[in-house]
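Next come two complexes, and both contain chain A; in the first it sits with chain B, in the second with chain C.
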Partner chain A sequence: MSRVSVPCHVKGTVALQVGDVRTSQGRPGVLVIDVTFPSVAPFELQEIMFKNYYTAFLTIRVRQHTSTHTPAKWVTCLRDYCLMPDPHSEEGAQEYVSLFKHQMLCDMGKVLELRLILRQPSPLWLSFTVEELQIYKQGPKDLGIWFQVSPTLPASGQYAFALQSPSMTFPKWLSHPVPCEQPAPLLEGLPDPSRVSSEVQQMWALTEMIRASHTSTRIGRFDVDGCYDLNLLSYT
Partner chain B sequence: MAAVEKRRLPVAQAANFTGSGRPGVSRAAATAESEEDFLRQVGVTEMLRAALLKVLEARPEEPIAFLAHYFENMDLRSPANGGAGEPPGQLLLQQQRLGRALWHLRLAHHSQRTAFNNNVGVAYECLSASGRKKKPGLDGRTYSELLKRICRDGEAPEEVVAPLLRKIQCRDHEAVPLAVFRAGMLTCFVLLEFVARAGALYRLLEDPGLAVADRHVGQAVLDTLEGALQASDDTTPARYLEAGSRLGPDSLALAMDRALVARRPSTPMTREEFLEKAAALFIAKVKPVG
Partner chain C sequence: MLQEESDLALIIAQIVQKLKGSNLYAQLERQAWASLQRPEIKLESLKEDIKEFFKISGWEKKLQNAVYSELSVFPLPSHPAAPPEHLKEPLVYMRKAQGSWEKRILKSLNSMCTELSIPLARKRPVGEQKELLNKWNEMGTDEPDLSLFRPVYAPKDFLEVLINLRNPNYENGDSHSFRTHLGLIQVPLKVKDIPELKEFFVELGLTAGQLGIDDSTQVPPELFENEHVRIGQKVLSEQDSAAAQQYIRQGSPTALRAELWALILNISSQPEDILYYEQLKTNVIQHDLLVDSLIYKDVKLTASNDDYYFVFEDYLYQVLLCFSRDTSVLGHFAYNSASPPKSYIRGKLGLEEYAVFYPPNGVIPFHGFSMYVAPLCFLYHEPSKLYQIFREMYVRFFFRLHSISSHPSGIVSLCLLFETLLQTYLPQLFYHLREIGAQPLRISFKWMVRAFSGYLATDQLLLLWDRILGYNSLEILAGMKASKPKDIFTWKWTAYDKNKQTKTENWKQSEYRPYGNG
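Our next item is the complex of A and B:
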């Protein structure tokens, strides 16, 4: 996969807390990190990578370029993504995390600015943040189709995949909605689709086989549609 | 031992003909010749090897019956025996030949391609070694007759296979090359399997109470199959992917659901009609002989 790192400016963390941070006894539970891209035109975000440091939940908001007239709006593209399954224990506390664009709630084109909202409800940890933050965009030449199976999806065989080659056009059937998204109020008495499908696929395979096996040998007929048939000729 | 000697004689003479210096060999030395040599000389080794290979290839359930049939057919296969004395009459001989060819053709399923091709070759040989007067070669009449026999034995309704026969059979006077013969046989067997599949599909679709399938559902399934066969893309892998996507369970379920939801007055579709329509999809892809 070709991806290009986007130079970004990570602003200092801002704690959201009632009262004065220095004097108050309680530690903040929410931190905000703004990420700007000062020297880059609006780009399509591909991947966000960072090393977690005791952050339990992550929300990301994105400001996207819409048009020259209307001001860009903030959109939530990731909501309460769980980084630590149990905020009170170590698991996941210092892991490297990659978030891809297909995991986001919205389209990640024309990104102007990102805002990471970090939450840690557990008072056990002195501080929390994310480190080594890196933002990637789509590489210029990626001709292959790259399927990414998201590890967060259920392992029921229905995987969402991201097609990472915007330069190519894909046929419509390839972007069928994922089966689990379709409403399935199937009627009573409908034949078992999977068995029907299996039979129909066999029939398709047999037909394809005959279509593919063709002989170049010809029997050497010269006539067109039997117009030289002996019976026919004798009448004329 | 004497009988053995007698039988060996012509072979020995033939061997002597090469003049490799055996005329002086004593009788005792000749009998001392190993059994193995004898078997090879009279061709039994080769014959048994071929028979064993056939058994291995076909893996019959009853090997003894299979071998009996095999040797019976082998006797008839050699052209020298074909017209010996001509007692059975031309018609009977023709029927025998067809029967033999069919037996060979059925030895291997068409998906075992090499074995099937071998058997088609043997069957072709069987059929083309006809009467002594004619030149060897397979004429269109025998070929068409064989096609009809296969279809008739294959339990497919006549109106279902008739369009195929029209497409691939040859005229009586035409000489049928092996390649055309092979393609025709393959197509015929594959169609029979296709029809059997379609029959199984119909059983899945039919209403358990009424024993007939709903016309709209049946048509929807066939339309889905037709759509997959007419996949837009020309490149093979993409076409296969597309067909796989169209013929997946969810896609078919949706099509059938739509057909049922429409709630048009339901008319039944008979099994024959379903098979005919399904076979038409298949036959459309068959290239006609020309």
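Our next item is the complex of A and C:
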């Protein structure tokens, strides 16, 4: 399963504060961000990704499409998710966070609108928000097969695939470097030709594997074609 | 949970990828290939038989140690959307501070280069190469004129940068409130408090035996020492890195220390490693770098003046000069907030094919750098092994002591931890020092940057470094600063109490200096 980014419109943050924002001394500790999807039909939410900026707790409310004529209601799907274990210190303050649909309290089948409620109870920070917000829905299901077709040693790009499809099973080539074939049962007297050929095939595959891989230790040259005559150090 | 499985798969994939390029992988292949001739390896159960063979012959243990080493050194894979600089340092303002600090160092080095009209690097003429090769083992006898050279920076310059570190999103008001930190460090990093430290360093509690305390002459050896030595020998015979790391938390017997450290750092002197060191030596002989003079100057100023380490002067040159040429050190910049300085081949400014790093390992030595190597000379006498141990110690621990980062073992966190501990243990002393303008961090900062090398007796220093390896963390340095020199501080405190009118400068001059250099 892969994911596809959903274009969204992030409205400006609204601070919730008791009293007059201009005259009161303290800074707001609660912010609300509305996320709408103007050009997209109600979709199934797969993942919410963002970069935190000093938000301590996150609550998400969702409004879903209902088939009946009742108006869509707001439902809390994530309550007080902790982003910073200690709101007064820097831990987790600028981390990248992903929230998946299995972490939500309700089913996210037909999402119309999202509302992110950010809380930062500590008075030490001047501002807080979430940045680089991206919403993903489920994508087409064909990328998983790609993995298993090529049993030869993978290039480094292949393991990058595991990154994007977190629910994929552990890649097969790591535990089964050689394509396994069941040898046919042994006949009386003579060794079974198909079994012998399969053993030979395994030996061959092992040889191929050993030959294909080579150490990638760096050779360790720091000069360019034997020359290390330098200008001054560069500042960029 | 789905997330944990995928995290585990990612970690495994990353470690496999890293190990594929290593010597161990090639050796395992050769062993597997050679084992096919053994009678117990049957073709129909090839995989299981080879696995069994690896287990019996000890190769599985070597692989286990290599995986453990990778897990200890490299940070866990972060979020896939995180850019590489986020892995180096997650906080943006710290990255910026490190960037401007590096620019200052580069400017300083460039100005030294132009003032003295010495090139950053030059190829040695053949006659000079021969001469250097001949006196490779006694470079200390050389007395080059280094009076014009000055260290690029000293720990006190670095401390000034750390003191001025500010988070732009933090309430840094001018008026003192509960928000301002009482010490010098003003960034709100998360440091362990005393209950957390007690839990983390549980093996150092009063109920557990410790080498360095429970092996003194008054304590009968049957109580702790004999058993501890026996366990140490067993750990070494099993060749298990993880067990060694756990064992060394209570200190290492002197006789076993060299082997234990090599086991924990996963260093074994293979022929390839000796060859690699010889190649570095050839690089030193062929090219002369400006940083070589800085290294010479540093060794002459610090280690050569030290009563304990002056005998190792020649070793220090052999290690540090080769270290500067080692491009494999560049790998650690993936998780170090610092970046290696860049330069271009003369005449090819701006062309990426002619961009190189300077020095080749990307590390510019500062005043006192050679003291990281000096204590290791007591343990290892073979230059290539000494070199490997030092390099591994540097890319695991020492680099954190001179770069700006939010890591719990980074120097900023260590300073904050020290100040917090001192305020908790000795609040009156801390308050008084603040009042007279002598912040305790100014005195103890240089001890920490050098990991106490040169400030503690060697046997005690090595016991301290045992714990650094055992806990895979430098936090013990901050705890050390706050508790052991507590005696130093309290002694000074009572003496000082008598003349409260004395100015701050006098206080600084009468600092306690057990061994030599400042």
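FYI, the second predicted complex is superposed on the first by the 139 of 236 C-alpha atoms of A that agree within 3 Å, B and C clash if a C-alpha of one lies under 4 Å from a C-alpha of the other, contacts with A are read in each partner's own complex, and residues count from 1 in each chain.
Assume a contact is a pair of C-beta atoms (placed from the backbone, for glycine too) under 8 Å apart; a residue touches a chain by one contact, two chains touch by 3 or more.
Computed from a predicted structure; not experimentally measured.
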*Examine A:Glu131 and indicate which partner it touches, taking first as chain B and second as chain C; both and neither are also allowed.*
neither
*Now for A:Ser89: first (chain B), second (chain C), both, or neither, which partner does it touch?*
second
*Is A:His102 touching the first partner chain B, the second partner chain C, both, or neither of them?*
second
*Given the touch rule stated above, what does A:Glu44 touch, chain B (first), chain C (second), both, or neither?*
neither
_As a test of reading the superposition: which chain, chain B or chain C, is in touch with more residues of chain A?_
C
_Residues on chain A lying within both footprints (that of chain B and that of chain C)_ = 171, 174, 199, 202-203, 206, 210, 213, 215-218, 221
_Of all residues in chain B, those that touch chain A in their complex_ = 170, 174-180, 182-183, 186-187, 190-191, 193-194, 197-198, 200-201, 204-205, 207, 217, 221, 224-225, 228-229, 232-233, 238, 240-254, 256-257, 260-261, 278, 281-282, 285-287, 289-290
*Which residues, counting only chain C, touch chain A once they are in their complex?*
2-3, 5-6, 9-10, 12-14, 16-17, 20-23, 25-26, 29, 32-33, 43-44, 46, 78-82, 86, 90-92, 103, 106-107, 109-110, 113-114, 119-123, 167-171, 179, 187-190, 276, 279, 283, 287, 325-328, 341-347, 349, 353-358, 360, 406
*Which of the residues in chain A come into contact with chain B in the complex?*
171, 173-174, 176, 179, 182, 184, 186-187, 189-197, 199-204, 206-211, 213-219, 221
_With touch defined as at the start, can you tell me which chain A residues reach chain C in the complex?_
49, 51, 53-54, 85-86, 88-91, 93-98, 100, 102, 123-128, 132, 156, 159, 162-164, 166-168, 170-171, 174, 183, 199, 202-203, 206, 210, 213, 215-218, 220-224, 227-236
